[in-house]
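Here come two complexes built around subunit A, the first alongside subunit B, the second alongside subunit C.
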Partner chain A sequence: MMRSFSRLFIAEGLKMQKKRLLLLLLIGPLLAILSSLSIAGMSTNAGENKWVMMYTLSVFNYGMIFFPLIAGIFAALLCRYENHQGGWKLLFTWPVSRSVVYFAKFSVLIVTLAISQGIFFLFSVGAIVLRGDVSQIEWVVLGQSIFLGWLAIIPLAALQLWVSFLFKSFGIPLAINVLFTIPNLFAGNSQEYGPWYPWAQPALAMIPQSQVVDFKLAGIIIGGFLLFFIGGWMHFNHRDMLE
Partner chain B sequence: MILRLLLAEGLKIKRTWMVILPMLGALGILAVLIVDYRLRSEYILGKYPDTVTGFLLEAQIILPITILIGGSLLASLAGSMEHQGNAWKYVLALPVSRWQVYLAKFLILFFLMLLFSGGATVSLACLWKGLGLTGEVPWKTLAMGVTWPVIAALPVLAIQLTLSLRMNNQSVPIIVGVLGALFAPAFANWLPWSYVFQVVPVDYAMSRRFENDPSLWLPIALGEGLIFFIVGMALFQRQEVHS
Partner chain C sequence: MSETDIVVQTKGLTRCYQKFTAVDHVDLTIRRGEIYGFLGPNGAGKTTTIRMLLGLIRSTSGQVKIFGESLEVKKKEILRRVGSLVESPSYYGHLTGQENLEIARRILGVSPSNIEHVLERVRLTNVADKKVKQYSLGMKQRLGIALALLGNPEILILDEPTNGLDPGGMQEVRSLIQELSKEQGVTILVSSHLLSEIDQIAHRVGIIRRGKMIFQDRMETLREMSRPRMRLGVNRVEEATRYLTKIGWSVSCEGEHIWSEGLTNQETATMVETLVKGKFSVYRIEEVKQPLEEIFLGLTGKEEGL
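After this line comes the complex of A and B, so read on.
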């Protein structure tokens, strides 16, 4: 079980084209940070925690649209080979269980998203150093924001993986993701509805705060993860593979 | 000839998501504006000089981003249809020239965008009625308010269609469209993605960043759209087809 998981994990990793992956992962955080630098550079408001303001701007730039979208794109990329060339049947003729295939794909997806968070972290620190606020950084707050953002994207990743293996076309899961991501600009600002919206959860979880974890948001995220992960997994196991 | 190609393209998108997407986009805008006016209608009515101006500027929260990202998505769906079916060789083996194929794709894309602006005009008018705002429904201003941004999006549509036709894997075109829509306006107002934000048909300076001036930016967008269209056509003409 463990062995076939690790092998499939490596196989799924190989299927992702590294160059394209790196390009997709680098460009979003880079632009998010640059644009928040250019906006934060204009404001003359010299508060104590200037890095927090700059970082919060980047979180909105990156977490509201780019991060949910990249989760959908990677989920669709992970199922692309199987959907396009009738690979599902080939994959399932191997002596591996469907569950392990699903776990492997899901693991590659969340590891990729963790890398995206890591890149965002590095760029954020780089921008703060550039501005000369490095002595003010509260590393715990920053680290917590990055980590919670990653946890909060996992339900959405599970949902997008589900949608991606369901539709043969590459465009449909992306279209669904884009359709639901755009209202984020709006839903994310609402205290009441925001936490219930899977596309808004990453950005909400990433807003830097020094107090303890928001239990309502955490509960919804865990519930959402169980729903989408188990739902997708069960459906994946019991689905007829036509090609 | 081009009419028959258009009919063929129309047949290809019949009963696909592509026809439903513009309508969903228009409904999404309606939904967001309903929530917006419900939450803070008094604030909105007090903020702007008159109702129509307020109406169109509130629509700016969501309209330009929807047009840009929705347009990229439609371009990707239209451009990737033959990639998915490995049908480029068949299409290009037909006795039609390549520029006609490109033109037909572009016209269908623009037609879908106009469908969106029609739907959005109707939803804005419904909202106007539903809110019981004073005076007649300003059909002409509302129609201009949603159609001008669509026309201003022509350069972006040409870029996206070219990218989607060239690339087999649609993840890069989608990311380019999304990042352009999100970040270009923060960098410079002369970038092709920025025009959509700068053509609101009201006499109102939103901020220093957004230089709203339809009489300046619409002709620029049209000219640039034509240039990018011709460049895209030339590129498609010389493109090597593998499948």
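After this line comes the complex of A and C, so read on.
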């Protein structure tokens, strides 16, 4: 089981076009931070927590737009070759269980999203250093924000992987993802609906805060994860490979 | 034939798509070491059957046993010993042939030297570093076979492996199948909608039509069905046919000729004598062998077309 998992995990890695993907991972955080830098640069009421204000701006750009988009794009990319060139039947006629194939793809996806978080972290720190606020940084708050953002995107990642497996076309899961990311700008700002919306959850989880974890949000995220992960997994296991 | 010689066996294998029955109670038997030709016109249910043999789709009813074990129970163990190529070949087009094989090799957990070996076997060594999307169809097909061979399978399942190839490519694949069978004793299931593809290489054939297996036996038996018929050119052909029939000959009149089946030399001589005595002129006598292709079309129905 573990052996076939690591074999499949490596095989997924071999399939990737790594340079292009890295570029894709750099764009989101970079744009998010550049735009918040320019906004923060204009504001003059720099108080004690200048870094928080500037970081929160980035979180809104990145967490509400780029991060969910990245999750959708990578989920679609992970199914792309199988969807297009009959790769599913190739994979499934090898002596591997479908569950392990699913776990491997899902793991590659969440590792990719962790890398995205790492890049965002580095860029954020870089921007703060650039503005000379580095001494103010509360590292625990920042670290927690990055980590919780990663946890909060996992339900969406599972959902997008499911959708990508469902549709043969590469464009459909992307279009669905973009379509649901747009209302983010509204739902995400709503106290009431925001936590229920998988596309808004990463940003909400990333808003820097020093108080304890938001249990309501955590519960919804765990529930959503179970729903999408198990749903996608079951579907993956039972589907007829007809293409 | 003992039980252990049977490596693939299906019993009442059936698959429905909504109300349509694509595969209907198929009992298929493949013996160790043989080349089994799976024949049938397009849409007959070959691919559907093969997908069920590989566990790619579920059967509606019936069972599949491979190496004497139920596919449902021992799927992973069975698939480790089976190589396959289903319909159009699958590959990762943005990677090279070598990289494609490397991915498969890692998943199968076999030695890197297998890659060299299968590349040579299908003669792709010199294009191994090219991206697969630049391959010709024949090369992609051969890569598909290389992928199927990578795990040293005991059974090779090839679904229409010559589809879309030019005559040279077809011949190449046929020779490859024969080599694998002879040199390595691999059991091979090869499907086709063309009898000519199977005719020269198969030891046994199964013919499927509209989801039903209508013939399954040795290739020889199918050949025997194409026994020769005698064609006689005579004058007043209809009258002559009636004359012969009346005195007990089993003949028929088709066009300008009298036809008869399974005549010995002596019977032929007697028939001619009878005709001459009846004041008919016998112009010519020919032995006509019915081509195998026509037997196949007769079995599968001409209207289905090819």
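Just so it is clear, the second predicted complex is superposed on the first by the 243 of 243 C-alpha atoms of A that agree within 3 Å, B and C clash if a C-alpha of one lies under 4 Å from a C-alpha of the other, contacts with A are read in each partner's own complex, and residues count from 1 in each chain.
Here is the rule we go by: a residue touches a chain if its C-beta (ideal position, glycine included) is under 8 Å from a C-beta of that chain, and two chains touch if they have at least 3 such contacts.
Computed from a predicted structure; not experimentally measured.
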First, second, both or neither for A:Ile172, with subunit B first and subunit C second: first
Touching partner for A:Ala114 - first (subunit B), second (subunit C), both, neither: neither
Partner chain(s) touched by A:Leu227 [first = subunit B, second = subunit C, both, neither]: neither
Which superposed partner A:Gly28 touches (first subunit B, second subunit C, both, neither): first
Partner chain in contact with A:Arg3 - subunit B first, subunit C second, else both or neither: second
Most subunit A residues touched (candidates subunit B, subunit C): B
First, second, both or neither for A:Ser97, with subunit B first and subunit C second: second
Which of subunit B and subunit C A:Ile137 touches, first, second, both or neither: neither
Touched partner set for A:Ala218, first subunit B, second subunit C, both or neither: neither
Touching partner for A:Ile207 - first (subunit B), second (subunit C), both, neither: neither
Common ground on subunit A, meaning residues reached by subunit C in one complex and by subunit B in the other: 84
Residues of subunit A that touch subunit B when the two form their complex: 20, 23-24, 27-28, 31-32, 34-35, 38-39, 61, 65-66, 69-70, 73, 76-77, 80, 84, 169-172, 174-175, 178-179, 182-183, 185-186, 190
Touch list for subunit A against partner subunit C, complex: 3-4, 7-8, 10-11, 14-15, 17, 81, 84-97, 240-242
Partner subunit A, residues of subunit B touching it in the complex: 17, 21, 24-25, 28, 31-32, 35-36, 39, 61-62, 65-66, 69-70, 73, 76-77, 80, 84, 169-172, 174-175, 178-179, 182-183, 186-187
In the complex with subunit A, residue positions of subunit C that touch it: 51, 54-58, 76-77, 79-80, 82, 84, 86-95, 99, 102-104, 106-109, 147, 151
